[in-house]
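Sending over a structure as structure tokens; questions will come in a sec.
For clarity, chains are labelled A, B, C, D and E in written order, and residue numbers in each chain start from 1.
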Amino acid sequence: MVAMRVLLGRLLQLLLVLLAVTLVVFVLTQIAPGDAARLRLGPRASPEAVSELRHQLGLDRSLPQQYLAYVNRVLHGDFGTSIDGQRVSSIIGQRISDTLWLLLGTLMLAVPAALVLAWTAAWFRDRSVDHVIRLGVLLALFLPAFWVGFLLIRLVAIPTAWFPVADLGSSPGDLIRSLVLPSLTGAIILTPILVRSLRSSLIDVLDSEYIAVARSLGVGGSTLIVRHVLRNALGPVLTLLALNVGYLFFGVVILEATFNISGLGSALVEASAKRDVYTVQGITLLFATGVVLANTLGETAVSLLDPRTVSA
Amino acid sequence: MTDTAKIAAEEAPPARKPRSRRRRGDGKVAVGMVIVGLFVLAAVFAPLITSGHPADQDLLNRLAPPSHAHLLGTDQLGRDEWTRLVYAIRVDLRVALLGSLIPAILGSLIGIAAGLGSSWLDTAIMRTSDIVVSLPLFIFFIALVGLLGPGTGFLFLGPGELPLIIGFTVISWVVYARLLRSEVRRVRSMDYVRAARLGGLPRWRVIGWHIVPNSIGQTVVYLFVDVGLAVVAISTLSFLGVGIPIETPEWGAMIQSGRTVIQTNWWLIAAPGAAIALIGMGLALIGDGLDDRIKS
Amino acid sequence: MTGTEPVIEIANLSIAAAQSGVTLVDDVSLHVDAGECLGIVGESGSGKSLTLRSILGLLPPALHRTQGTVRFQGEKEGLRPVEPRELRGHGVSMIFQEPMSSLNPTMRIGDLVAAGPRARGVSRRAAADQALRLLAEVGVPHPEQRARAWPHQLSGGLRQRVMIAMALSVEPRLLLCDEPTTALDTTVQDQILTLVERLRIERGLALIFVSHDLSVISRIADRTAVMYAGRIIEHGPTGALVDSPRHPYTRALIESMPQLHGPPVRLKTINGSPPTAGRLPPGCRFAPRCPLAVDACHQADPPLLNIGPHRATACLRQAEMNVGEPV
Amino acid sequence: MSALIELDDIEVHFDVKTRRSGTPATLRAVDGVSLAVERSQCLGVVGESGCGKSTLACVLVGLTAPTAGRVRYDGREIGVDRSKDLRRRVQMVFQDPVASLNPRRRVRSVLSELIDCHDLVPEAGMTSALNSLMDMVNLPRRVLDARPRELSGGQRQRVAIARALAVQPDILVADEAVSALDVSAQATVVNLLADLRAELGLTIVFISHDLGIIRTLCDRVAVMYAGRVVEEGPADTVFASAQHPYTRALLRAAPDLGRRGTGSRSPALEGEPSGALDVITGCPFVSRCPEAEAICSAAPPAYVGDGTHRTACIHAAH
Amino acid sequence: GASGSASPEKSATGPAKRGGSLAMSLGSAIDTWNPQKALATQSFRVFPQVYASLLRSTPDGKKVLPALASSYKTDPAAKTLTFTLNPAAKFSDGKPVTSADVKFSEGLWSKGELYGSYFSSIKSVETPDPKTVVFNLSQADETLPAVLSTANAAVFPDNYGGKSEAAYWKKPVGAGPFMVNKEAVGQSISLARNPHYYRSGLPYLDGVDYKVVADGGQQLLQFQSGAVDVVNGVELEAAAQYPKDSIVGAPSSGVSVLTTNTKSGPLKDGRLRKAIALAVDYKKLVAGGYVGEASLATSLLPQQVPGVTKCPTCTWSTTDLAEAKDLVEQSDYSGQNLELIVSSDSGPGKLAAQALVPMLAEAGVKVSVNPQPTSSLIDKLSKSDFQLGVITYSALAPTPIDPLGFLAATGNVFSQSDPEPDNKALVAVHAASTPAEVKTAVQGFEAAANASYAVIPLAVPNALDAVADRVQGFVAAPYQAYCADELSIKN
């Protein structure tokens, strides 16, 4: 009942944010110089052809009308056509899998690593292990991802020739091998962000009286870690992850550029350089929706996990 | 002997001050200050510690290895890498600083307004910031700057710098606003603030002397980290070809252009990256140290 | 009380901060007999909680025990030296001050009370049943219903009852109470104290009860130890200790307490404030504030000396105090 | 009656959202309280947590606007938006010694700021004014140059009192001003307040849950339960012959050195204070009252008693 | 040209074997499948794999060979050109190539906005029978066979094989050695063996996978890691990073030019344009901006192209800083910043553009470099939305018609300068019957171009490809039109 209510509230907010997203994306592309029709048809097209296409694209209508039409199109899953004359939805379809693989790879490395490091640092807090981890985290926080990628390529990929340095493989084996270095790079960037907050939230939990109580009752080992500590630290981790999804997407864009992976990120960079408005619109909208969904999912999970907000 | 010991003991609290003065986090702040200080000094006295101008080319002496004349060798156009590395501090730090300070000030003002203002203002600001944080702003940023191009310089800013600063402002005011709002709300209900109000102090004085000074601690801490992150972001964006023009000495662009010679002249990539990480860490150490200090 | 075997015996316990090496608890020795309640009273920061927590090895990571042994009377064997982790969940349990923060917010009441037995290997069913019995025993109304509730749904008094049920769930012989009633209202404090007393009698529990409030201690404790700046400075049967304190600090403590009975009097005060750990004065730590202090008091820290059956004090001038200035 | 400050049927209701369903509800923090304090008198207010003591204090000093009712100062009605001078006359000392002082300001600047603000002494006299404030609260003068973190809890609380005194108030409202202190520091502060009252003729409203301190310090005492005053009268009468069953239970439940022993007895009172959210039609205490009768839950009992001692209980014998 | 041109051909070892596929990199995406509209050089590297023309040339471009046409003959007056189609010539869908297809295609060629002028001498096309095509010429045209051997003269199925025009250009069908299998626009093109290829037994490869790797550094990495077998157009500055023997160079048919917007902005002033030309230190530019992998330009048209000769009166590649400064002084230029656009994708120019900046600054001209992806560069150039641009254009056929035609079609590389000399030269070359006449026409054009300084040749960059060891049969092709049908994988 209450869970329903939480969910409904979230959903409402989600709609609101998505509306804002479409508005931002729309404004974004309005600011862009150049005329979509002219860009599409090329320099040699006749003015008649251009104005014909302008009409077809609805560019001759008022801005609010255009916006409504745009939202309407998007709602019907129509993201328009790129300069190259491709359906934006098919570009997204082609490219999304690489991006998802990268996200998955990065998360699969970063989250466990962050848990282990944060746990170690929190458990041995203020001892040398903790200091080393914190210093390392501090340093890693400011490593430019693309630079780390280059170094990995130069120091690992080329000498060993184990890992492909571009594209994601198609067979499972190749895929995994080609994901190793990009994911590692992503994890090197993401992990420190997670560790920093995770450590302090773990310390909060470890220092809390209820952990002392559990230990005083002889609870220990994995029960203590999982049931008593992690359960309580999970909320902050999820919140943090959800909050960082936008940053994570940015990271994936960098990874794609660094390792020449043709996912959505590189498509976005290419398209915006080409002033390919519809493609930019489609991809940013997709990323934004992803972020908003992840946020909503994270927040909902957190509030569902916390009995204080849900239980009846 | 015993007498002096006794006196010492009685005066203990004030006399042993030095002990308490060296607070937690001082070591970190010191190390951070040294690192950042060195960078700042290098930027200020760049002409003294480098030879020539960062744009000076020596096309006949391309990709020279490190030597006495060229501490880090030369790049593809025969420009002295060390000189570019040092002059890049000016660009990167200037943009990062402005790109963090402006949102910090703006966001803080908004945060204070939200924390102190009426509840509908607070609601309005917080709802807006809710929406803003749930947007992939960096993605928008790439799209926007990519679509708009770098533009020309503005006042003392070089080409491409103003869009970056504006972009950072749009992205990070939210963090500051939220941070300060919650701090202001916390401090606002502290008894000493209520006491100040009861004492009849004017509203602005309560805000300026009691609420704000006690609220901005975390903001300052975050500001240091944020400047470091901004340096990383600037270089990342120019790596993606968004932002600062290529001929400007800028760490990200230097790494990007060193990419073709990664095999032979790896230091052209290694040095700027190390500079980014180092100054970031210096800034973060100061921030962390201040944080320790605030928390202890 | 006399003649019974002690349940626990703590000898020469010292606790220091790991980094600065500052001693926070200094050479504390205690013992509690079966069914007996030992009260520890002292001002904030005097080291009461640390002493108690160190028994179960629950010191904060920045602190560690520098010396001292704990000997515990097992169920079959006699008094023997033990390590803290042996006592956790076996023979000793503890109740804390803040009933809210002591309960894991993400676990239901029933699971919380069952956690101890579960850790000892009791089956889920049996532990759950036991939890219900315990909840009823500590006076939680509608235990079946409450067992499914979350901690935040309970009032302060109920939370503390749940905490006590949790402590009892491992069938302790010794219950450590760290200011369990300080955060509670007067009437609820009264209920909890009554409950603890009842349980102690019914279950034959030994108690160490820590409080900064001598009146609470005087209500519940058979014997009382007074702590000051990390040391026990006086120790004796509660009645005797309150009626004729043999340490100036104890006396000052009593005199500074407002009374509900007798004619209202102006409170007595103690000069200065307690020393900070690490900046102890030479000699007796109370000397700088002591109205009776003589030169000798500033020279060396007086040891805790027995001055009669079950009574000890760490004051050079205890003899004068016995004769008694007007109390 | 020549009351210096008077509360007339004060109600403070908060609109809150219930945690369970998020539906809005009204929380009756203070529910019809009338009190009067005469000049140089000390009124003690006791009651359990959440009964509305702090809210009442905030109404007195003008930090909270009452939902209904009037506050009168010296016969004049005063609201929340008080003039600077009026504001100065009612000062407050807070509970938490840590939160009650600005951690970034030295004692001197905090005090002189307030004195400045009201132009109470000429610029030249500032130092001596500050020194005499320190003397007044029995603190060494060097405390003026200390920061709060360098002071002990008792010292801080005395600085907080000095701050209140700096603007030369007529009334001091002390909200649990000593509860967070150790007994020895507590005694110092209680004595200080008693002295100030004697020396300066200060009027004091002293809020506490510690009956012993109230008894030591106050002339009159008001016992609150669930936002209402259930009994009010001269301290010695109330302590000697409490009329309300709740007051009696409170007295019985309070631990006291003079009444020791472990003899197992039943608790003075069962149950816990009900939430302020519940709608109360009759006597708020009815659910816990050992003497409750059917009529008690029908309507709130009227006060019985004489001009000095009144009790809101049908059983009160006056 | 140190590393490159030393080994023009990778020595073939052993007999070629069938099977396998190769991965090749492209420095930028192809801009269109329609050769009549293609501007990007990279497109012309892909076209020969998919399309076939009536004729083809040897890789070095020196000799014209039969292709879809098994033979051709001219009448004595050289006014008709009669082609007999190879009976084996089939499109990749198995349909035979007929004279109707050629006639249809010719219609497209001569209508082409960019390259239509190449075919201006073709008056009409006759198809006496399915396997014979007769081109009636307005005049004798020596250059036509060379033009007909390029992708500009690719043969498409009549009426697009029944498809709509748009659908056809999405996935075209040609008679080349391979056919389009899968394309991810802007990223990769996967070609599969054409089973109906007219040269029997060829191609050896089962497929070719092109992928766009715009970044020179990435190209290198991918080549080193074996992800790419052939790098088409090695970025000059990365050439030294490749294994020595993997680089294959060919005499370049391209020129790197600095083009100016002569219609608007300060560069309307010819004096400023000349000043810029004189301010450049070409030797240093070649050494630094082209990392030594180039030679000095002596003409605006590619020097390697037969018929193009050095123009004696031209001042290309001369430096005179003093005069440059004077000219800047005299000009209307008021010191504002000029934007210099250049392709950010691999290929020569990015470095050169940056190298130009201080040289021009010394003469008092302020320039800033703005790299753009090739596609938006072309876009900006063709909209005259630029001030300065560095681009490299290449001849696709061994005749001056090709570069001249390109220059004319693009308004003198988008400079919008007076098209008169281009057209005049074009007509003259078409009409020329002796090499001397060609020479005169070309030199007249050069002189006019030199006088206007609308387009300034900067250098003749080497065309370098990197070829992995396992590739056999790779031959460097100066005219880009390298056909992969003889490529194979070593055992």
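Here is the rule we use: a residue touches a chain if its C-beta (ideal position, glycine included) is under 8 Å from a C-beta of that chain, and two chains touch if they have at least 3 such contacts.
Model, not experiment: these values are computed from the prediction.
Novice: Considering only chains that satisfy the touch condition with chain B, which of them also satisfy it with chain C?
Specialist: A chain counts here if it touches both chain B and chain C, which gives A, D.
Novice: In terms of C-beta pairs in contact, which of A-B and B-E ranks higher?
Specialist: A-B
Novice: Let me spell it out: compute each chain's centre from its C-alpha atoms, then which one is farthest from chain C's centre?
Specialist: Between chain C and the rest, the longest centre separation is with E.
Novice: Compared with chain D, which chain's mean CA position is the farthest off?
Specialist: Ranked by distance of C-alpha centres from chain D, the top chain is E.
Novice: Taking each chain's centre as its mean C-alpha position, how far apart are chain B and chain D in Å?
Specialist: 48
Novice: Where the CA atoms of chain A average out and where those of chain E average out, how many Å apart are those spots?
Specialist: Result: the chain centres lie 42 Å from each other.
Novice: Roughly how far is chain D from chain E, going centre to centre by Cα mean, in whole Å?
Specialist: About 92 Å, centre to centre.
Novice: Of all residues in chain C, which are in touch with two or more distinct other chains?
Specialist: Residue numbers touching two or more other chains: none in chain C.
Novice: Quick check on chain A: which residues sit in contact with 2+ other chains?
Specialist: 153, 158, 273, 275, 308
Novice: Can you list the residues of chain D that touch 2 or more other chains?
Specialist: In chain D, nothing touches at least two other chains.
Novice: Touching chain A in the complex: which residues of chain C?
Specialist: 19, 53, 56, 58, 60-62, 85, 88-90, 92-94, 96, 98, 101-108, 115-116, 118-120, 150, 152-153, 163, 166-167, 169-170
Novice: Going by the contact rule set out above, which residues of chain D touch chain B in the complex?
Specialist: 61-63, 84-85, 87-88, 90-92, 94-96, 99-105, 113-114, 117-118, 142, 150, 160, 163-164, 166-167
Novice: In the complex, go through chain A and note every residue touching chain B.
Specialist: 13, 16-17, 20-21, 24-25, 28-29, 31-33, 134, 138-139, 141-148, 150-151, 153-154, 158, 243, 245-247, 249-250, 253-254, 257, 268-269, 272-273, 275, 277, 280, 283-284, 287-288, 290-292, 295
Novice: Considering the complex alone, what residue numbers of chain D touch chain C?
Specialist: Contact set of chain D toward chain C: 48-49, 152-155, 182-188, 190-191, 194, 209-213, 215-216, 236, 239, 249-262, 264-270, 272-273.
Novice: Under the definition above, what is the set of chain A residues touching chain C in their complex?
Specialist: So the residues of chain A touching chain C come out as 125-126, 207-220, 223, 227-228, 231-232, 305-308, 311.
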